[in-house]
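Worksheet: one structure, shown below.
Letters A, B, C, D, E and F mark the chains in the order given here, with residues in each chain numbered from 1 onward.
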Amino acid sequence: MSGMHGGPAPEVKPAAPASRLVSTLAVAGAIAGLLIVTVHQWAEPRILSHQARVIAAAVDEVLQGPARTTTLYVHDGALVATPPAGLDTLKLERIWAGYDDTGRMIGYALMAGEPGFQDVINVMFGYDPATESVLGMRVLDNKETPGLGDRIVKDTAWVALFEGAGAPLVPTKPGNATGDAHEVETITGATISSRAVIGIINNRIERMRPLLERAGGMQ
Amino acid sequence: MRATTPQQDLLRGVWRENPVLVQMLGLCPALAVTNSLANGIAMGLATFFVLLGSSILVSSLRKLIPGEVRITAYILIIATFVTIVDLLLASIVPDIHKALGAFIALIVVNCIILGRQEAFSSRNSVARSALDAMGTGAGFMVALLLMSGIRELLGNGTLLGVTVMGPRFEPWIIMILPPGGFFTLGILLLVLSWRTQRTVRRPQPRRWLHQAAVQTTPTTPVGVGGER
Amino acid sequence: MTLILSAVAILGGIGLAFGVIIAVAQRRLRVWEDPRIDAVNELLPGANCGACGYAGCRAFAEATVQGVVTPAQCTVMSPDMRDDVASYLGVDAGTAVKRVARLLCAGGRDVAPYKAEYVGISSCAAAVAVGGGGKGCAWGCVGHGDCAVACTFDAIAMNEQNLPVVDIDRCTACNDCVVACPLGLFTIMPVDHHLIVQCRSLLSGDAATRVCSVACNACARCVQDAAEGLIAMRSGLAVIDYERIRLEDQRAIERCPTGAITWVDGAQFQVLTAGGVN
Amino acid sequence: MSSNGFRHGVHPPERKELTAAVPVRRMPFPEQVVLPLRQHAGKPAVPLVQRGDRVERGDKVAAADGYMSVPMHASAAGIVTGIDWVPHPDGSMVEAVHIAVERHSAQLPRPRLVPEWESLAGDDVARAVQEAGVVGLGGAAFPAHVKMAPPKDTTVEILIVNGAECEPYLTADHRVMVEYPERVHFGTRIMMRALGVGRAVIGVESNKPDAVEALRATIPSDLDISVESLTVKYPQGAEKMLIHAITGREVPSGKLPVHVGAIVQNVGTVAAIAEVFETGLPLIERIVTVTGRGVNRPSNLIVPVGTRLRDVLDFCGGLNESAAEIVFGGPMMGMVQADLDTPLTKGTTGIVVLTHEETSARATLPCIRCGRCVDACPVFLMPQQLGALAQLGRYEDMQQWNLADCMLCGSCSYVCPSNIPLSQMFALSKAALRRPKAKVA
Amino acid sequence: MNTSPTPATAPFHADTPRLELTASPHVHAPDSTVRIMWTVVISLLPIVAASVFFFGISALLIIGAAVAGALATERLTGPRNAVRDGSAVITGLLLGLILPAGMPIWMPFIGGAVAIGFGKVIFGGLGQNVFNPALVGRAFLQAAFPAAITTWPAMGGGLFDLRGDNFALPLMSGNAPDVITEATPLGLMKFEGTGTDLMSLLVGNTGGSLGETSALLILVCGAYLAWKRYLDWRVPVSIFATVALLSGVLWQIDSERYANPLFMLFSGGLVLGAVYMATDMVTSPVTRAGAWIFGAGIGALVVLIRTWGGLPEGVMYAILLMNALVPFINRFTRPRVFGTPARRNA
Amino acid sequence: MNDLLWILISAMVVNNFTLALFLGLCPFMGVSARVSTALRMGAANIFVLVLTSLAAWFLNRFVLPGAPYLRLISFIVVIASLVQIVEMTIRKVSPTLFRELGIYLPLITTNCAILGLAIFQTNRGYGLAQGLFFAVGAGLGLTLALVLMASIREQTELSIVPDLARGMGIVLIIAGTLSLAFMGFAGLFSS
């Protein structure tokens, strides 16, 4: 099954001295490391900044264009603005707080992911603990079926439903809506995915509520 | 051994020994990332680059590398190139990098690349290895273009995101789902073997029943089954 | 800077480590097989026909690599393929006498009629097992071409008289047809043997010619005409002693009343006009 | 599972009504009898006569060639016209002693002494049976004396007399049992004595009540003989099936019946043995069923061995125009005949003339894996698998699927809705495996 | 190699008819593959009629298109005369019967083509296929046009009004159906947790695909085939048994979360699938033991997918998955050969 | 749903490496002609996958925290070398076992599934236990796909496949149908 056709038969080499084997690999390895790390030096800042941009955009969106945002880190059960030194900030769980130009806090942007129809769906959403309402939602990435599941991204009307919806959200079959603020219609043909998104948000809020309340007190 | 001309080195891999369509190697990327033309092209280019780079390096170092550790050494070389490509894509075209996901990294184990090192570069001059690599890379590219073209066209009605099949076209979602990948490649192979069919005739295993019962007189019925 | 160093260190380290391990391992654990065997095997036709007398091409490859046989023993290879193998191994290609398959029956359906209709699986073996296949002459070719199917080299085609015609250029004397024929009508012999009795029927006289007009009716004229001891009459059939084939000449066939004994030069029967393996 | 049957098997239409009630008649002597030297399983006999010799009815014309062989006797008085090739029922050619039957002869056998069997030891009885040229009349034509002297290391516990006659159309055994029950019992007695077994069972399919009746009525009081009525199902008569039905034992794959302590002998054979010790006459004639819609006067006949097919047919009013195919034996396993000059042999149980409607080959379709063949095979093979392999000529693989255990009963071919000639393919595959292998793969 | 001896002279014996030589056995059972197939076709007609009764002319259009697609492909790519054996008609009919009434008819046509092309001809035509062609067609359509295939037109409406944009241009999507759609009983169960009453399931006036509806009718037709021994009753019986058992147990555990067994049995495609599709002799095991295992496997998978899976209905996938296992089942249920000690597996 | 169990099942059927994620297709196409071979290939695969999972975990934990960008190269080099060593050892220690499994090892090294596993495991931040369940699940999934394909191919080998479809064409169509069938598992235990 291999692609190894043609080419002359391998001439029978005498076994090379062990020293050569070792040195070859060691040197090769070293050189490889050198090359890679150099490129990496060049590439890393760009990559990080791009990631930052993506997240910033999402935060911006789900918080409906705050004037200012700050990043908060979850550190032993509390939200801290600056984590103790020595910890890699990228490794910590992060949430973002948004403020309007008056400096009043609009709400928090939270990230969460859980299995949807095919695989894990990652969403970013804005939440205002004061009014206990969702400010906005954006699916960061998903592997749902194109044409069905991915309506949770493409169906802007549906995404809009989350703005101002009261938490906890209540999934409703299209047409059965009673106008209650907590209701979010599911998507016909993508019921599972849409329910998953709603579920993710609810669960995340559940888990973060104590933290947020404490933080709220902190203000 | 009959030596090969440079043209052969170059052209062999493109069609007659196409790595994907003929040798059935490097199937994973060929199926996994071909759900849109853009991805196909990106993956094709990336692989091309890695293949060319490692072939040149391997062939130039072939005298230095002892046979016992050649596999490991080759892999080192290949992996280095791949990592570099990975970093470059991530920093230059992040979206495509995201779409291709892990499959950029998986170029390392793309059977084609190591296969070529083992089979060719480890034994031939830099120039010939380079030609061979270009040919094979191009062949891989051809396969990817075919696959991803067909799949995006039917699966989304677009090419490179541009609507081609008209606004009311009902996309065949299956084409961008895993089964669609298998089916597309399957059909490609069928078409190919249909073309070769007409040139070469394979000897067929004997099947008594399907060379119809002996007719001594036309009145006695022919075995219907399976006649072709 | 530390970054760079650490990277170099890590990969260098890994390389070092496995360099050592593999080096040790290779010393301890190497198992070696002559790579030329595979190479030669690649060069062989891969028909696995056994004409060379070995169990498949790879066995032959081993033999050639060990120098037990010359590449020419493989009757299937074209001359230049032979030379490839020979030159690769740096040995002499060697030579072999051309042998081909000969049919010991001339009873096409025009001269040897059928007495009943066999209807069923289109195979000589099958037909013969069912009431003898309906051929008037129980020894004669029933003409469903098992041999033609068995021949891996497309050397046999059925002619419009339902007799197999051997293309002596393609025939590699692989013996498949000999095995395939349920009536044992094929035999392998050197092309330069001209005298052949194309009949196996043990009937004699009218009994023989009644079922096949080209049958050997045991009149023994060829025995008298041929060189002393070349041909003998055994139980209703003229038998040629190929040990003495040097003595053969055309006189033997001149007075044969049925033409059962023939002087074959090249192909045995007239090139097929119709039918044929498709 | 039922004590008097076996699992799987098929139910072909019996068609026995044509001759079941027709009493056995003796056929007049033909002008010529032809005695093939190969009429039995084993080595052919060697001729003792030449052209011009005069022979009386019952004279030995060919001698047994070793143990696995039997002598042959003139079935009619006349002049030997030569030893020449004739068509054999199996389609090949065979050398045969031709005898021009004497027109006005009384056809009386030479007076001969009847062997005193009570005084003989088992082996001598067997030897006498061999001398009389008796072979199995159930179709296989296996030399009878061999079965009468089983290997020393085996013990025979039961003698099974095979009166199943499961093949459609045939009624020869049926008539024997109805008309000569005592002879059957006498033969059984001799066999039991020779084998030294205490118990004998006569197995008869329940579609022959009169036969069961007749046999039961005449069981000798001093013998442990019982008559089993068996379920009507093909191939009930097959040795293995019969033994299973009667003793509940399975003959191990590749082994002989004696390995489960049983010997199976066909009723006709048993009767023939009895005749040897009643009249002293060797086996020179047998009962044959001539039947089928293609023959004008279906009947059960006593026919001299070596009578040519055409003579028998003529005596039965010849063929009618619907006749298409002539079979020696039953339609399930019988051998089809190509030539009317073929002589009847000792193994010929019947002549069945089939019509076009019955035989006209139907189109063959691919296997649809309906599994009917699997449900039909009495030895639990997977014919559809075997068939597929056979088509590709993968005979070695077929052995993995127990091709060797296939007894070519034809049940699978019978049921296959796609009309695939499975059993024929299996016969060919077995043959192919026997052929010398010239090469690999 | 079709040259074959034609007699050159008259038969030897002028006085006898020309004799035929065929291999034994010389008699044959009456059933033939062709007869079996066409009988199944006929047994399907009542079900087709019912679907027309429920879904009006649309049903006929869909089924017709599917059959057309199947036959066309069989005719063009299949062996000569293959269409005559009727199996392609069955494929088409069954495919049509498991589609919703509202879809553009070019979809069923493609489905039929795929069913025969990829499901059958590729494998070598009649009897050679591993997967149930009709279901291959259905699975293809479901993956290709998931939206179209999960919108179920409601019952009712006149005989002649369409249940959707049946006549959308080939390859173009239909207009949003102006007729009311309704969820299938299973959809309701899965997504709303509401059941449907047994009677309407049996009679069949519920949403769903054309033939999935009237359980009773299907059972009757199936019984007829089983009686003719054209389908193996073991398969449906063991499917029903397994589903009833498993869902019964679940129901005992928590009758709130899990559907009751009767609902499981008679909703969705289970009846049609068990009776007509799992029983396709080509794609089901040849041994009796195999049939039981096969059925049990399907039953278990159906319960698994319906209860914990993403999709409301799993019969199609269950059968396809078990189809893939059939070669395996055959090899492991190989009967013990007469006179051999224990089973050997090839 | 138990986390570890979900990882296992998801890797095995829902996101089957071969049929849903397109990993390890070369061996899937190449070594699926006979059931016996497929089983051995599967076994060898499970072995290497577990080995990989361990190696990856070790590297991530102890070697690479400082230099994530060296992951890829370190993974593949380590895995390939490990496999090559294992291969040589088996070949020496037990020739029979080598004939049974060993010959597949080199092929497996070239197999995306292995590296894929390492990478996914890293990206999803699996711990040791999770990693092992993931590896086993993936291995079982590969084996399942291989064996199914093999048994089907053995079956189709017996029938009269049209000349066109001989060889790989039909294998791919079968694979496609299989992955269609596996879509039935989509969303299993996720909602």
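As a working rule, a contact is a pair of C-beta atoms (placed from the backbone, for glycine too) under 8 Å apart; a residue touches a chain by one contact, two chains touch by 3 or more.
Quantities reported herein were computed from a predicted structural model and do not represent experimental measurements.
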Most distant chain from chain A, judged by the mean position of its C-alpha atoms:
D
Using C-alpha centres only, name the chain that sits farthest from chain F.
D
Of the pairs C-D and D-F, which shows more C-beta pairs in contact?
C-D
Calculate how many whole Å lie between the centre of chain B and the centre of chain D, each centre taken as the average of the chain's C-alpha atoms.
65
Centre-to-centre distance between chain C and chain B (centres being mean Cα positions), rounded to whole Å
40
What whole-number Å value describes the gap between the mean CA coordinates of chain A and chain F?
28
Distance between the centres, which are taken as Cα means, of chain E and chain D, whole angstrom
48
Among the residues of chain E, pick out those that touch two or more other chains and give their numbers.
1-2, 4-7, 12-13, 19-23, 85, 118, 124-128, 140, 143, 146, 310
Residue list for chain D, restricted to those that touch at least two other chains:
335-339, 361-362, 365-366, 385, 391-392, 418, 421, 424-425, 427
Can you list the chain B residues in contact with two or more other chains?
1, 24-25, 68-69, 72, 76, 79-80, 83, 87, 111, 115, 173, 177, 179-180, 183, 206-217, 220, 224-226, 228
Per the touch rule above, chain B residues touching chain E in the complex are 165-166, 168-170, 172-175, 177, 179-180, 183, 211-212, 214-217, 224-228
State the interface residues of chain E toward chain A in the complex, per the touch definition above.
146-147, 150-151, 191-192, 310
The chain A residues in contact with chain C across the complex are 5, 8-10, 12, 15, 18, 21-30, 32-34, 36-38, 41
Listed in rising order, the residues of chain D that touch chain E in the complex are 10, 12-13, 168, 240, 244, 250-255, 310, 319, 321, 323-327, 331-340, 352, 354, 358-359, 361-362, 365-371, 374-375, 378-382, 384-385, 397, 400-402, 405, 410, 413-415, 417-419, 421, 423-424, 427
Along chain D, where are the residues that touch chain F in the complex?
366, 385, 388-389, 391-392
